[in-house]
C-alpha cells in the first residue's frame, strides 16, 4: 500500500475547511463592514438606495444566514468525521484493526434529514414568494414617473414619453414628488437582441427582451449617482453597455426636465460646425432636435453636454474625450456601431466645437 | 482468432492505432472518451486562463473584445459538451459493464459509433477556428455564449458561419451522446450478471442509469431547437425572428429544458464516483443505499421541471417564477440527502486519506458550497440581483469544477490502477490536490464577491472605479496554482504509466466486481460469469463468515 | 466467489433482465418522442403568431390551393399510413409462422401504402410551394409547418428505405422465421411514425387550421 | 476457482463501420457550412461505413473468441474480524433497532397542530376580539397584502389568508410532527422536556431573530406570550403523543433467513447475551 503521511489528515481537514471558508468569510467581512475600502462607485447590492433593493437585501440576509448555518454545520461534520474516524495506523490497511462496524443506514435519521430540509425550503419558499409579489410590479404604482427604456447594441435610450423628450446613457429620476417618495416605473424594450437592465443599488435586474415589454419598479431613497450595466450578453461591446442613474432632488430634476424639453441650443459662433455635422452621415443615426438630424439608431444628441459620459459610459464627457470619440469611436469602444467618420482634424474640431454648445 | 485485430501489413505504431480505431471494446472506448475529454479539458482550461489574464486588471488589452467573446463561448461549450459529457460517458462505458459483471455493452458497435460521433462533432466545432467564415474573414469561432441566446444567434446579428459550426458540432456530438445513453440504459437493464437485481447494483450503476435516461430525454429537445436555429440561419425560417412573430424567450425555454437536466447529467456522475470511493476509503458500506437510490431518481424527475430558474429575470409572471422557485428549492432536498448520507458513511468508519479520498472530500466540501449558493439562487429576489453576474459564475464553477472535476480526479486516482495496471504516485497526487484546492478556491471564491458587487459575467473588461480589481486579481492569481496542479497531474500520469508501482487486481481492498478481475481487465472482462448475492460481492468473498447477503 | 461454501447461501435472485433489442428500440422511440414533442410544442406555441400570409386558412381551404379542401386530402392520405401499420403487423405475423411469401406480400403492401403517403405529402408541398407561395421563409407558419411535417416525412422516408432493403432481402430469399424479432422492432418504429402522424395531423390540420382562423 | 472449464467466450469483432459512418455523418453536416462536395464525400463515407456495419451484425453478428491468457488472482477470505456495534449483537443494522412508528409522529403533529391553533385562536379572541386576526397575520409570511392592511382589515375574515395560513399550519405541523416522531428516541432522557421546552425555545428564538424578514406583519402585531404559548402547546401535545406510542422493532438485527421466516439448523445466530 501507498504510504499515508499520518499528520496530513488533520492538516488536510483544516486546510480544506479554511480554503472553502475563506471566500465566504472574506466576503462577509468586506461587504458588511461599512468602513471597508470599497469604491464609492461600487454597485454593491449590500448598499441599497431604493425600496426594492432593500427588500431584496432583507431576503438575501435571511437566505445567507440559513445557508451559512448549514454550511458551517456540514463542513464541521465533515472535518470532525475525518479527524475522529481516521484510520489509526497509517501503514495499516485493515490487517490488525479489522473492518469497522458496517451500518447500513437509519430510517429515522434519514427521515429526519429529509424532513428538516423540506421544512427549511418551505419557510424560505413562503418568504420569497411574498418578496416576489411585493417587488415585481406589473402595473405602475399610482403617481409613478414612467420612463421607457430601450436597449440598443450597445447603449441605452431613455424615453420620457410623458415629458416629451428622449435621452441616452444617463437615466435621471427625482427622489420625491411633492415631498412624497417618488416611484419610478420603467418600461423595458429592446431594439435588437436581449439586454438586461441592472443597477444593483436600486433594484434587481430585469431582462430587456425584443418583442416583449418588461417592467421594473424603483423607488429611490437617496440622491446620488448609481451605476450598473447590461447584464445579458449582447455582443462585442456587452462590457461597454453601462448604465448611469442620477437621482436628483425634486427641484433639480424639474430644472433638468425643463432643459431637456428645449430644442438644441443654437449658437451662431459654431454654425459652421453644425452645418458640417448636418452634411455628414451623422444625421442618419443621430437626432438633434431643432435640426434636420432625426436618426434613431444612435443616441439623441440634443443635450449632449448635459450628460457626463460618452459612449454609454465608457469614457467621461470631456472636450478631449469628445474629440477622440468623434475622430475614432472604435478606439474607446472597439466593435461599436459608430464608425470613424474619416473626418479631417479641422472638421473634427469644428463639429466638436458645435457639439460642445449642446447643453 | 486473436482478441486484437493485428494488422501485420502495418508498421507497429500504425497497427496499434488501427487497433484503437476499429475497436468496439467498451474499455478501450471508455479510455478514448476520457483521454479525448482530458485533452479538451486542457484546451478549455487554456481558454479560461486567457480570459483570467485579460480580466486580471481593468482595461487590459490582452485579447480583443471579439476574441474574448469567442473564448468564453468556446470555454463553456467545450467544458460542458466536450469535457463533462465524454468523461462521464467514458467512465460509465468503462465501468458499468465491469460493475454489473458482463462482457461488453449491449450494442458494442453502436458504442463505437457514439464515441466517433462525439469525437468528430468536437473536431467540427473546433474546426471553426480555422474554417468558419466570420465577419472578418476566415477563422472565427462562435461568439454567442454557450447558451447561444436568440436573437443574437440570428443571421442579422451573427454573420458568417461560426454559429452554424456551434450548432452542427454540438448536434453531431449530441447524437453520439444519445446513442451512448440508449446503450447504457440497455446495458444496465439487460446485461446484469446472475443475482444482480436492481437493488443489488452498485450505486454507481444506479446513478449512471438515471443519468443515461436523462441524456436520452434531454438531448433531443436541444437537437430540435438547434435544427430550428439552423433553419432560421440557412433557410430563412422565423422561429426566433422577433420581427416575424418569432420569440426570443422560446429559445431560452427550449435550451434550458435541455440545459438544466444537462447540469444534472454532468453532476450525477460526480455523485456516482464519490458514492463508490467514500465507502471504500471509509471501510464502511454506503449509508442509506435505498434512500440514495430514491434521491437519485427524484433528482432525475425534478430536474426536468426546474429549467425556468435560468430565466427568473426575463419578466415572466410572478406566479410562474414562484412555481419554479418551489421546484428548484425542492431539488435541493434529495441533493442534501446525498450529502448527509456521504458524511454519515464516513462516520464510524476507518478513514484512509489516500488521494482518491482527498479529492472526494474536496468534492464534499466544495460541492456543499456550490449547492448552497444554488439554493440561494433559487430565491427569486436574490436571483434578480445576481443572475448573470459573477456570483453565478462562481456558483456553477463550485458545482462543476469543485464538484465534478474534483470527483473526476478522485475517480482517475481510484480507477487508474484498474485501467493501466499501475498506481499513480500518491506524493504527486497530494501535490496536485493541494495546489488545485488552493487555486480553485482562490479563483472562484472571489467571484461570488465580485458578482454581489455588481460585476456581470461575459464582460471583456470593466471600469476602474467599480472596486472589482482586487477580486479579479485574486481570481487570476488562482489560475497559476491550478495550472501548476494540472502540470503535476500530467507528470504523474506520464511517470506512472512508465514506472508506476504495479497495482495488482485489487489495490484498494474494494468491493465491487471490477476489482475481481485483472488490472487492466482482459478484453473479455471475466473468465467466468460472476454471480452476486449482495451489493458488495467482493465483501462476501472476503468475509464468507459474515457476508452482506445475510443482512440486505 | 466459487470459493464460498455453497450450502448456507441463499438461492441466487433472478435478475429479470429485459431483451436488449426491444429496450434499445423503445429508448430510441423515447428520445424521438422528446424530439417530436419539442417540435409539436413549438408548433402549438406559434399557432396564430405569424405575421403576414399565407395563413393556414388560406392554404388549407379549397379555393386557393386547388380542387380539394386540404384537410380532406390529407385525411385521405393519412388512411394509407394508418393502414400500413396494420399490414406491417400482418407481415410480422406471417414471418413468425415462417410464411415468407405472405410476409413478402404484406411487406410490399406496407411499403406501398407508406409510399403513397409520402407521395401525398410531396404533392401537398408542391401545391403549397408553387400555388400558394408558402415556404420556410415566407412566414412563421411556413417555418413551423415545413419543419414539423418535414421531419415526420423524413422519418417515413427512413422507414421506407429500410423496408426497401428488407424487401430486397426477402426477394433474395434471405428473410427467415428467426428474423421475426428484428421485423417486430421495425414494426414498432413504424407504429411510432404512425402515432406521431396522428398527433401532427390533429395539430396542423385540425387545431392549427381551425385555431388560426 | 477453476479456470479451465469456463464457457466459450465470444466478443464482438472489431469493426471500422461505426467510425467511418460517424465520420461521414460529420462531413455531411459540415457540407452545410463549407461546400456541397464535402457533403457528398460525407454521404459516401457514411453509406460505406453503414453497409460495413450492417454486414457485421446481419444476419448474425460476427464474433471472435479471444485466447484466454491472463487470469485474476482468486480472492482469499480475510482472517480479520469485522467490528460489531457494541450495543447489539448485530454488527450490521439500520440503527436504531426500535423506533416509534412514524404514524405516531404524523398524528401527533396533526393533533398538536390543532391544539396549537386552538391556543393561538383563543389568544387572538381574547386580545383582539376576533379569531381571524391570528390567521391573517400568520398568512403575512407569504402574502404581501397583509403587511399593508389596517388593524380592522386584520380582524376580518379573508378567504385567501385563511387558505394560506391553513396550508402553512398543516404542512409545518405535519413535518415537525414527523420530525418529533423520528428524533424522540434519539434524545437523551426526558424527551418530553426536550419536545415541550427546548425545541420550542430554539424555534422561538430563531423566529425572534428572523421575524422582520420572515413575517413583518407578524412582527408588527405579535403577542409573544400567546405565540410562545402556542408553540409550547404544540410541543407538549406532540411529544407526549409520540412517547406514549409503543416502540416497534425494525427487524434489522434479524438475519436474512429469519426475516424470510426460514428456520433451519445452523442458520440462527448464536445467542450471546452480553
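Labels A, B, C and D are assigned to the chains in the order they are written; within every chain, residues are numbered from 1.
The working rule: a residue touches a chain if its C-beta (ideal position, glycine included) is under 8 Å from a C-beta of that chain, and two chains touch if they have at least 3 such contacts.
This structure is a prediction, so every number in the text was calculated from the model and none was measured.
*Asks:* If I average the CA coordinates per chain, which chain comes out farthest from chain C?
*Replies:* Relative to chain C, the chain with the farthest C-alpha centre is A.
*Asks:* Highest contact-pair count belongs to which two chains?
*Replies:* A-B
*Asks:* Central chain, going by Cα centroids?
*Replies:* B
*Asks:* I'd like to verify one number: the distance from the centre of chain C to the centre of chain D, where each centre is the average of its C-alpha atoms, in whole angstrom.
*Replies:* Using C-alpha averages as centres, the distance is 41 Å.
*Asks:* Report, in whole Å, the distance between the mean C-alpha point of chain A and the mean C-alpha point of chain B.
*Replies:* 31
*Asks:* From the mean C-alpha coordinate of chain B to that of chain D, what's the distance rounded to whole Å?
*Replies:* 25
*Asks:* If you average the CA atoms of chain B and of chain C, how many Å lie between those two points?
*Replies:* 34
*Asks:* Spell out, as numbers or ranges, the residues of chain A touching 2 or more other chains.
*Replies:* 59, 94, 97, 99-106, 109, 118, 129, 131, 133
*Asks:* Which residues belonging to chain D are in contact with no fewer than two other chains?
*Replies:* 1, 75-78, 82, 91-93, 252, 256-257
*Asks:* Give the residues of chain B touching no fewer than two other chains, as numbers and ranges.
*Replies:* Residues 246-247, 285, 516, 528, 541, 543-544, 548-549, 551-552 of chain B touch two or more partner chains.
*Asks:* Touching chain A in the complex: which residues of chain B?
*Replies:* Against chain A, chain B makes touches at 64-66, 69, 143-145, 149, 151-152, 156-157, 242, 246-249, 282-285, 287-291, 313-315, 317-318, 321-322, 325-326, 329-330, 332-333, 336-337, 339-341, 343-344, 346-354, 358, 361-362, 364-366, 368-369, 372-373, 375-376, 379-389, 423, 426, 430, 434, 437-438, 441, 444-446, 448-449, 452-454, 456-463, 465-468, 501, 507, 509, 543, 548, 551-552.
*Asks:* Which part of chain A faces chain B closely enough to touch in the complex?
*Replies:* 1-4, 8-9, 12-13, 15-17, 19-20, 22-24, 26-27, 30-31, 38-46, 53, 55-56, 59-60, 63-64, 67, 70-71, 74-75, 77-78, 81-82, 85-88, 93-94, 97, 99-106, 109-110, 113-114, 117-118, 121, 124-125, 128-129, 131-133, 135-136, 138, 153, 188, 192-194, 196, 198, 200, 203-207, 209-212, 214-215, 227-239, 242, 313-314, 334-335
*Asks:* Within their complex, state which residues of chain D touch chain A.
*Replies:* 78, 80-85, 91-96, 99, 102, 140-144, 168, 171-172, 175-176, 178-179, 182-183, 185-186, 210, 212-215, 250, 252
*Asks:* Okay, in this complex, where on chain D does chain B touch?
*Replies:* 1, 3, 6-7, 9, 11-19, 21-23, 25-26, 29-30, 32-34, 53, 56-57, 64-73, 75-78, 82, 90-93, 252, 255-257
*Asks:* Can you list the chain C residues touching chain B in their complex?
*Replies:* 1-5, 9-10, 12-20, 23-24, 27-28, 30-32, 34-35, 37-39, 42, 45-46, 49-52, 136-137, 139-140, 142-144, 146-147, 151
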